[in-house]
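Down below are the structures I want you to see.
Common to both upcoming complexes is chain A, partnered first by chain B, then by chain C.
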Partner chain A sequence: MKLSIERTNNIAVVGIPGEDLDAQNAKAFKKAVTPLLEENLNFIFDLSELNFVDSSGLGAILSSLRHVNNTGRDLKLCGLSTPVRALFELVRMHRIFDIYNDRDEALLAYQTSTDVVELT
Partner chain B sequence: MEVLQSKPTTDISSKCPKVLLVDDEESVLLSLERFLRNESVDIHCVTSPIEALELVSHCSFAVVVADLRMPKMDGIELLERIQQISPETIRMMLTADAQIQVVANAVNRGKVHNFFTKPWCRDTVRNAVRQAVNQYELARKNRHLQMLNTMQATDLNRLNKRLQKNVSELAQAQETITTIREQEIEIGSRIQKTLLVESPPDSLPGVRLAHKVQPSERIDGDFLDFFQFSDTCFDILVGDVMGKGVPAALLGAAIKSQFMRSLSSLYSESSDEPPSIASIINYTNRAITEELIELESYVTLFYARFDLKAKTISYVGCGHPPGILFRGDKGIQELLQGKHMPLGFSHSELYASTTVPLKPGDSVFLYSDGLTEMRNEKGEFFGQENLMQCLRKTSWHIPELLIEEVYSQVTNFSAPHSFADDLTCIAIQIEAPRLQTPIVFSEKKFTSSLCSLKPMRQTLRNFTTPYFNDKQICELELALTEAATNIIQHVHQSFVGETIDLEFVVFPDRAVMLIRYKGEPFDQTTVSLPVFDGSKDSGFGLFIISQMVDEVHYINEQTNNNCIYMTKNFKEKTQ
Partner chain C sequence: MKALILAAGKGTRVRPITQTIPKPMIPIVNKPVMETLVDLLRSNGVYEIMVNTSYLSREIEHYFRDGSRFGVDMAYSFEGRLENNELIDEPLGSAGAMQKIQEHSGFFDETFVVLCGDAFIDIDLNLLLRKHRQKGALATIALTQVASEDVSNYGVVVTDDSGKILEFQEKPTTEEARSNTINTGIYIFEPEVLNHIPKGQVFDIGGELFPSLVASGASIYGFDLPMQWLDIGKLSDYHKVTQMALNGSIRGFKMPGRKVSPGVWCGINVSGDLEKCNIIPPVYIGGSVTLEEGCTLVGPVMIGQGSVVESDAYIENSTVFEHTRIGSTAEVKNTMICGDYAVDASGCVLDLEKMGIDWAVSDARRAPESISYDQQQFLNLIDVWTETEREEVSYSRVID
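What follows is the complex of A and B.
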């Protein structure tokens, strides 16, 4: 899976390609994103291209969050389509993730947060 | 001589100990006999050793007293031969010749116990004879006791052997009883399959029908019969014979055949119309009541006639659980309560039928009490209430699924290994004509692979777009993806060659999605509950499915054939 990555001030914005993140490609996504998560960065996953996420896709994103959190960094989500947002709410993941409408909102949230200052 | 000889033969059977005196001189014999006469012994005197041998070989003598010197055969030889014939006889010898060599010969060869010299001392001889008799008697008694002992030991041995044989026979008998019991169960079950449960007619236009009969270990004598009179008229009867085992099963078969006889007798009497169900039951009751009373048995019954032309169901309930009628247009369940006593109680009982309207879209569920009398671990019955609730939950869509659901509910409810009664039930659905309620049916087969997930969703979207809004379709897509992923990953484990069938049935108010697959049934009870705190990134699948559709059932239709059945109502849930 080819992820689109934009790095700005120690924040990586990761665009997940394709319309679906399900059991068929969740492993490919994890494989692609894992080396990136090793970098000492904060993350924004941009889900705006995704129309469909299932429990496997959700599990892969959740696993990324735990990885980043374990090393004191942060992962925010943005661009969730209505059905994807509905799934996150159904399994209460909107309480676990910081979710923003788009990249700019997410970046802004990092800039006003003290965590980012500490990291740099 | 004559006098002497006359004695032995006559008294030979006397019970006193016998003493034989042998001497060629009669005077000696007479003298001896005289002073022994007062002893309580039976005295025999002979002058010839040959004769003496003859006597000894015919009866047993306690004592023989023989003279040493006799013509033809001397005393030593005689006593020696007597010793061979009758070793226990005490042998004594009289002689005038007391040479040491003679005495030694007598003792060594003749094994003589006592030796008297002539002339003898009477007392010595008397005492010796007396002692000899006692010794002989004692030895005899001893032998007798020994013999008794041996006999008793033999007896005991024999008794012991017999006992052992009895014990092993008992064990064998028990084994036989067990085999017979197993055979009885087997016979009962075969009777049930072949005689008691009629298969429903192959084609009944406008009727969808499913039934299931599960004989218990004991066989209750549940029976099920169908009589088809025309495309639009048929009877179903569900019965239960009181009692268990082969007798109940045989009685059930007999009653079933009596119904057939009643029907054919009444048919010939009446016109082309089938006889009324009340007349069939009255005829049968009169024919079998006497026998049933004699057998101390009775039969509960629910007899229903479906008349699709007249759009009615007529029924007679005879001490049997009520039928359950589902009104398709209103979505309500009604009880078809019978009011009569079982068959076999009374000749004079007059059975009458009740008739109610039966419209397309209606369904009927008939069963025997094995179903509602299933007990859980606390000993509580499954009960009619639970049954009604369970039926309501299935929405009566498809008879086959309804039966499956009832069975799985009853099985889940009951304590393990407690299928005590026969379980018999049948569901009949009067199909609604297509013109009034269009039913769309679509199906497509997919390879069991994660690569099929997207094409499946695309197919589903095509199927459902005319009926659902985008949000509802997304929810169905999610439910389908989760269910299919479970099958692909956990049941088929990505083996090549497996397939998944997707069926989509549209009803006026809802759509049903069926995902059919082969393999081990998916057991949703083994799946752990989802965790919502972000600590686990799997385990959400089943929870998601349950939230995305209005109903979901995991059904194992038959060995290896499974189906996940999901319903989504067109009208969204109001929350």
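What follows is the complex of A and C.
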């Protein structure tokens, strides 16, 4: 899976391509994103292209969060479409992630956060 | 007075609910909307009711049968054909339906009322009839007002001061609309109106019959009468109407079940101690429901019969359809939900069958399948994070 990646300071914004993140491509997503998550950065996943996410997709996003949290870094989400947002709320994922309307809002949140994750 | 209930539509704007039930059979809490219309007709002294059916006709015909259980006489005009053991629907339009019945038996031999079968209506039909007779009208429509931004969903009607109809506009834009007065689909006709409906073709009352009546100078009137008219045109309407029923805002609507505490009604065979749940009224709990200790229901909430609400599940301002299991990690807000789909208040539909989130929402009649490794990993992760959330949130309990 080809992810679009934009690095700004110590934050990487990752655009997830295609309309679906599901059982068909969740493994490919994890394979593509895992090496990136190893980098000493904070992350934003931009989901604005996605219209359909299933439990495999949810699991892939959640395991990314766990991966970065293990080393004191953070992952925020942005650009959730209405159905994806509705799914997140149904399974309570919206209580685990910081979710923003777009990349700019998510980036701003990193800059103004009082709990800015310090990267050594 | 005799009646025709129009029940042949497909209800495409209320999908996916109408995939298995026709729009007139959509229940308001426990009662199909069309049954409220039969009640209305009977209470206004109308006892002979024809119903045109097409899409999912069996659902309607098998529920009402000959009407005797409802204190009226009912019969059906099926629009379609049987092919390869399958019923194919071929609707004729609202006016085409009238003509087909007339050609069959001359049923409409006196003043008759026509109602669209997919709205809750609380109107004094005899008042409308008196006004119809006072004007010597061929046709009379009950009108109501809607907000300017909503006119594009309806047929707009323009009348003069005496109530004579001058013009119809079918679903105009807000800018084009010449008034905010709309056609509610409640009509009173004289049998002579059938002379204006062509035979053997699809013909619609609002879009074709009335414009031709206006053009021919026929005596047709419209009156804005005091009434409650709740149209279930789209999914968001249905959500709103259910909330109104639970809030006691629908005139004459009686909550089913027994009132177990202020604002909480229950059917029979409900399993679980309501005192060990967090319940904020108004809430209706259907028969044979299971409520596990610690679940939260913030009204208005309806739990359909046979459903299961697991502990720690959170349900607010929502309708849970019958036989649905809501899992411990689920949070259902402003949504109508069953094992196959969820629809939020704006009408956004989630196909839950495809999403594989059985641990959160599923059909309660399905044996719990073993969770896949991936799903279990997901649940483990969710559990760690939401434990803190559960401790932080506190809800008030129901007070006896």
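Heads up, the rule we're going with is that the second predicted complex is superposed on the first by the 115 of 120 C-alpha atoms of A that agree within 3 Å, B and C clash if a C-alpha of one lies under 4 Å from a C-alpha of the other, contacts with A are read in each partner's own complex, and residues count from 1 in each chain.
Everything below uses one rule, namely that a residue touches a chain if its C-beta (ideal position, glycine included) is under 8 Å from a C-beta of that chain, and two chains touch if they have at least 3 such contacts.
Just so you know, these numbers come straight off a predicted model, no measurement behind them.
**Student:** Chain A superposed: clash or fit between chain B and chain C?
**Tutor:** clash
**Student:** Pick one for A:R92: touches chain B only (first), chain C only (second), both, or neither.
**Tutor:** Both partners.
**Student:** Let me test your reading of the model: by the given contact rule, A:P83 touches which partner, first (chain B), second (chain C), both or neither?
**Tutor:** both
**Student:** Just to be sure I read the superposition right, which of the two partners does A:Q24 touch: chain B = first, chain C = second, or both, or neither?
**Tutor:** Only chain B; A:Q24 stays clear of chain C.
**Student:** After superposition on the shared chain, which partner residues are touched by A:E49: those of chain B (first), chain C (second), both, or neither?
**Tutor:** So A:E49 meets neither chain B nor chain C here.
**Student:** Considering only touches as defined above, state whether A:R66 meets chain B (first), chain C (second), both or neither.
**Tutor:** Touch partners of A:R66: chain B and chain C.
**Student:** Just one of 148-156, 202-210 or 346-354 in chain C runs into chain B once the structures are overlaid; which is it?
**Tutor:** 346-354
**Student:** Just which bits of chain A does chain B share with chain C as contact spots?
**Tutor:** 23, 52, 54-56, 58-59, 62-63, 66, 82-83, 86-87, 90-93, 96
**Student:** Give the list of chain A residues in touch with chain C in this complex.
**Tutor:** The contact residues of chain A facing chain C are 23, 52-56, 58-59, 62-63, 66, 82-83, 86-87, 89-93, 95-96.
**Student:** Within their complex, state which residues of chain C touch chain A.
**Tutor:** It is residues 329-333, 335, 342, 344, 346, 348-350, 354-357, 360-361, 374-375, 377-378, 381-382, 385-386, 389 of chain C that touch chain A.
**Student:** Please output the residues of chain A touching chain B within their complex, sorted ascending.
**Tutor:** 20, 22-24, 52, 54-56, 58-60, 62-63, 65-66, 82-83, 86-87, 90-93, 96
**Student:** Quick one: which bits of chain B touch chain A in the complex? Just the residue numbers, please.
**Tutor:** 450-451, 453-454, 457, 471, 474-475, 477-478, 481-482, 485, 488-489, 530, 532-535, 537-538, 540-541, 543-544, 547
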